[in-house]
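To keep things simple, chains are lettered A, B, C, D, E and F as they appear, and every chain counts its residues starting from 1.
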């Protein structure tokens, strides 16, 4: 069984039931999520031996987060304990022309205030095939850029493939800080995942003729973005997600994988959205699974896009689908007929 | 008031709230359902004197099932008690490209283990105008084919019209077993209801150029299927439902009634699906109501399709709509404007 | 801060969760609503000093209604207490081809049985810029037409602009009674709000070539309706909402403002409906806000239509959106992309 | 099977979940209840053929009420349709020192505005063994005293035993009106059910040395009250419930049956209360069942008190317990040990 | 109308439904609470003009907190906006021998990081009769002791009575820090509220022969504690709550008011607990109401204890009871009989 | 870390919310439970390396059960897959004089139809310190007695201590069958756990003067029962739970441990019951933990009784408490005071 380590923050996610606004809510649904935790959970559903690394406080809420990871088969034995709080975020689900809102209350979390000697990377990466993190992790706190770099160095030493989803968050750091840190880390990447905004926000690399606020995008221009990332950082593979937002309820979704100067583009799905949060992470997990299993380019991107398409039909962040379900959709069966 | 008897299994249906997957659920919604029970409930909403016949264990859960039937006006006095368990099934509601899943836990139910002398058909059919069952009932257990045949014989003797919805379930029996049993029973049918898969699975009768996994179908080919059923078994009327699955959230829906070598095809509706389970049963109930009331061909199929279109907007299996609501839609008012 | 007074009934709204029919419900969600209360709440979200006037009984349920208004920032100090009951209404949410149903149980409410000396209009309108009510208020009970007229007279004396949404309810009064009363009151209107049915039901003014049951309408013909209202009653501004009901789940939505013999028509939105009730009221509140702030014609109708478009994505009647959210949509950002 | 008719009002009951106050609630639980409907439902659980007579409006909410009665096995075929509304009442469940609150919104209901010719008593009482109503029914509206008297006359003619639970409600009528009406009706009673307050409020008959606000009562004094009722109206049997309110959460409960100048007193139960509403009605149903089946005095009162003791452990008004469950408790097994 | 200002933190409270442990929860109920906010809400229910002062961030969750205060009639116009977060706390409700657990996540809240110039005390106390805060407020952050002292000075200048509930929280500060700060502030107190642990933790003043872990206490010894507080700080009135914890489900509850060297002790209530959190705050609010209205000693402590007794029967922190309800209980009616 | 293996059935448990009867429920809460699974989960909370062995079908519901075990830290790697169904049971929670009801639908489950070669006991017991099962497991199906015996033999060979909770279930087998099978297995027991009914039902060993239906029991007589079990089977330790059922809401609870002809009896707790199911299993888990850690007799029984006392305050079967929480109660702190 292939072994994957992901590293980042897991938070408690709270959301009003259904389509209630925050102002209307009298209860919240609880789940637990975070970019790298979402990837680990999705990989565990695919049968991968996925381990999630973070730092958590020693209280009951953190215990709930760990329990939830264990429930879905993630190895939580490398989690480090200490610090003061579990990050929390709040989701108000949008519909039609009303956008979803995400509020973060993650400052001062245990992972954000972690120090380099909290993690014994040499032991964590023993026997590991793949290491994944996102651009959120180095943005969490002052020590995180160097912690991430130490993780990358150790991963390389143990022969693990390294993937990173750029995932720029302007609430966490400035574009300048992001560019400095991520440009240094990008030298370690074997697979770089992005959407067009990320490439522009983090590296100043942009596609032409794209106006995201109109929800439109030009697929061809992404090939150019991918090539630039590849050329600047020497990263062999670049994957880009392609989302067209018709409304908060209906999105079109596809993706592209660039390798060896070739771009593989998946079919586009029109999705009735149940929960859009975690969509990007489920793409990352799908891609990692495909590449871990040596899928060739077209099959790999088809798997990653079908996997993340299914995520949009599932409540909360975790993409609780099996390989068989993804293969069924990637194979062309999108009819949604009842399975008895 | 017209009297209808339906015969089959009623089960407890359990489903996670909303669009949760089984793996996420921390509670289930409870309802009660089964092909023939659904038909009886729908007919009772139309003002028909509908009686449901089955065998149930003498426990509290079975009592809940009976109470629910009574609540919606079904006559439960012919239900027989004994045996060990109430069947249960689980529904995970799909959305967008993710299909709904139905899990059955119905083995060893009281009705599946019923014996021929449990039912006093002569008394049950006294004064009855119509008898309906589905291809699920004879598949439930070893004694059920002969019990069904006895019921058909008694129904004929009392002058009741007999309808059957083929409803092939491959979890219950093989195609071979189905063909042997259903071919014998089909000789009693006045009205045969099917979808194209049923006709093929049960009788080996197929329509050309239809690939269901793509969600497409060719209406013309169904006329040929209906004619073959009519010719092979002498059944005067054959009705076929026509579903195009665009996704688990959006379906197109129509139907055809074949009689006297003429095919009547209803208008097609594009449906935003609330709950798809029980859609076929609501078609059967609509058709029975229409034919019991001597609607001519086009009006009958229009009523049946409008009735089942409305079902797709209703939670759980029972089609809780009135004749007036169906007539309103069949009459062309599909705008869904608020009724104050 | 601009001050607005609205006058009418607030009721308790009870609805089954999700898409359950009344017959299936085992609990109701509680909210509080009414045409003029909805307008006051929406204006309070826009930062307007909105006061709601009504008569309520002195019991706990009425106290809940007042608490809910205060919760959303409405001034409730002019509410009068006495009488016997709080009106109640029930909403069954429709979907697809199944229409939503609204049942009213509002007879004998405190406001319906109010008497003219319950309200001290001179003090209520002290310092007020705008007075709004709907055609529902004078229909509530025998004293209400004269109470409304007294309110209009006092409002005029205090220099307030007067707006009225015709809102014809055939359960409350006949077309004849409506025409008699509303024609007399219309002489006070500075802004008249209607949909085509209202204009026809109340004033016998109709647009050509429109068949609402088909869900289609011809925008041009509304200009003619608006012009007729203006000419007959001397009302300087007439606004008309333009709804195309594709189904209970999908509507198209726009609106027109007529002033100085010019018609301004907003862009049309295709909406995935969360809750359609209160859609018209949110249009009225958006228009009042725009005109209170001297928006010119096109900008005013764009604001009103965008505001009410957003309402359709929000549970219950109150339009809990901010000016910034409306401006964002009116400015063309309808993509519904997640806001982090 | 013995046949019982009860006559009165059924209302929709709405209550906040758990121990929420009205002011906190964001949803209500729905059930249906009313003194005589509660008795009919309880009798149906005991296997009695119970029919409930009332007048209901022809709307969906009334349909829900009828469905709920049918669900629990009550014969609803004698219900008359017409009028405008279904009565509603609201329950706020108390706990510890905080009392439960009940708010009625029952004015103008269909039954309150019924007229004498709505009910065909001769046909209703055909083959009936027992007729039960409460002192609430004649208090509902101006025609109800004479309707009740007509019912009593017809019941007597058909040989039915007549029982009445005095159930004085000061929100419905004054003590004077109650005394006038109930004194006339009492001449028809074979069984009179009361608590001490009722006897005093309705007939001015009181027990000595009892201060209910302190929650204490003296059992001996009730024998005197029962004897006075018997002597004044010639009523052969008088039953009195004996409640000691320690708090809203804990009550002591017993009862007395007086016949042939002998008083039978049941053992007293200390109850942890789940839902106290409907407690008196469940006593009435238990007593009717016992007397219908010719239980002698001690066994009858033991059954009635055990039945109503169990009711206090059940949510909502209906006493959903079987004869076996009551006999088990009446037989001395109050340990509440798990039944597997 | 008397005017009261309270000053402190309001937090979002999240708790699993019913008696679920944190580890079991899949949703949380939302409410808002904090010692001084609870007092303000309770006073508003008594008809007092209560204003709550705090500092909150400018986000949606803070808006929900403000809305909730407004909903229950509290004046929120003196709330200051800025800073980064709203404090949150989590409650796991205990039962029987399992204690309730409260987890705080309040560090770095806007109020904790407030600075002295955030509050314009001179304007806040204009026309105010009473100022209340608790020992939690000065413990929240480094600037809070001096902010509290400035508030006390301003309150004194405007002639307001000052009350403080010691409320020692060892998670917020050490006993030493508490003693230094609270000893300085105590010089301003007109009314000091405490339980025995507070007096000992904060001032080192203890009662003899009391072992709280056994849930027993000796009322007489509290008189000595109160006298010591009075003598050391010159505080004219000292009130002490007297709780005997039999289990998490059952508590005994009373209180004492010491003034002019006399101790008034209220009757003791045995309470079945619905929600114990906020019990102390409801005592403070009851006492403030009584003293604002010049109740003499015995009546004042009776009112305060009855008020807080009722709180234990109410979900969440706010004591949503009226003066009439408290007077009813204080007057001796503890029977919890249904109010119709 | 000590390693424990438990072997038996895990079922899905479904129960109506709160105190609803089955007949009232419109949803069920989901949890997973079974005697030996409950013990494994409780031990995992105490930090023991607990492994649960069973046979489960390969469907989604079984996956949910496994996920839930993993969530709470149980090792599920020895679970065997195959067969047809997951057992289900239904709990209706009682209150006051109304008993809880448990309905089993466990026939034909995968474990009930398991065969001896499904389990590789030699590998399962490698490195294991303790083996626990209950008298339910051998009663599940025809092969289970011999499977249990094979497990006992292998456990002995690997040096594991063997404990068994007699747990007689008359729905599963007759007293005769139980006696035959259990007498043979008892020869392997190091620790035998029972309540008085079990000892009598299974072995015909009874205590004098005990009438369980009255809820009373005489502690002394249990010493005699334990001694008889010890003498007949040579089992070194016998533990007996001592429950006095005052009502379904209030129980008294204690226990006795007999070893070396000495009986250690724990203090008795009076419990307000939240959920009584799983109470016995939590006693077994507490006792195993205590003995695994070499607690001497009195301390061991005190721990086991305190642990199971806490279980009665927790929803569903699993005893989600920590060692520290149990020690706190066993140490005498039963006051239930809030922990902040």
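As a working rule, contacts are C-beta pairs under 8 Å (C-beta built on N, C-alpha and C of every residue); 3 or more make two chains touch, one makes a residue touch a chain.
All of these numbers come straight from a predicted model, not from anything done at the bench.
S.K.: Which chains are in contact with both chain A and chain D?
M.R.: A chain counts here if it touches both chain A and chain D, which gives B, C, E, F.
S.K.: Look at all chain centres (mean of CA atoms) and spot the one farthest from the centre of chain A.
M.R.: The chain lying farthest from chain A is D.
S.K.: Would you indicate which option in D-E, A-E or C-E repeats the interface seen between B-C, with over half of the contact pairs matching by residue number?
M.R.: D-E
S.K.: What whole-Å value do you get for the distance between chain E and chain F if each is reduced to the mean of its CA atoms?
M.R.: The answer is 44 Å.
S.K.: Of all residues in chain A, which are in touch with two or more distinct other chains?
M.R.: Residues 18, 23, 26, 67, 72, 101.
S.K.: Would you tell me which residues of chain E are touching chain F in their complex?
M.R.: 18-21, 23-24, 94-102, 104, 169, 171, 212-215, 245-250, 276-277
S.K.: Where on chain F is chain A touching in the complex?
M.R.: Those in contact with chain A are residues 67-68, 70-73.
S.K.: Across the complex, what residues on chain A touch chain E?
M.R.: 14, 17, 22-23, 25-30, 59-61, 63-64, 67, 84-85, 88, 90, 92, 101, 103, 105, 107-108
S.K.: For a test of understanding, state which residues of chain C touch chain A in their complex under the given definition.
M.R.: So the residues of chain C in touch with chain A come to 18, 72, 269-274, 306, 309-310, 312-316, 320-321, 325, 329, 332-340.
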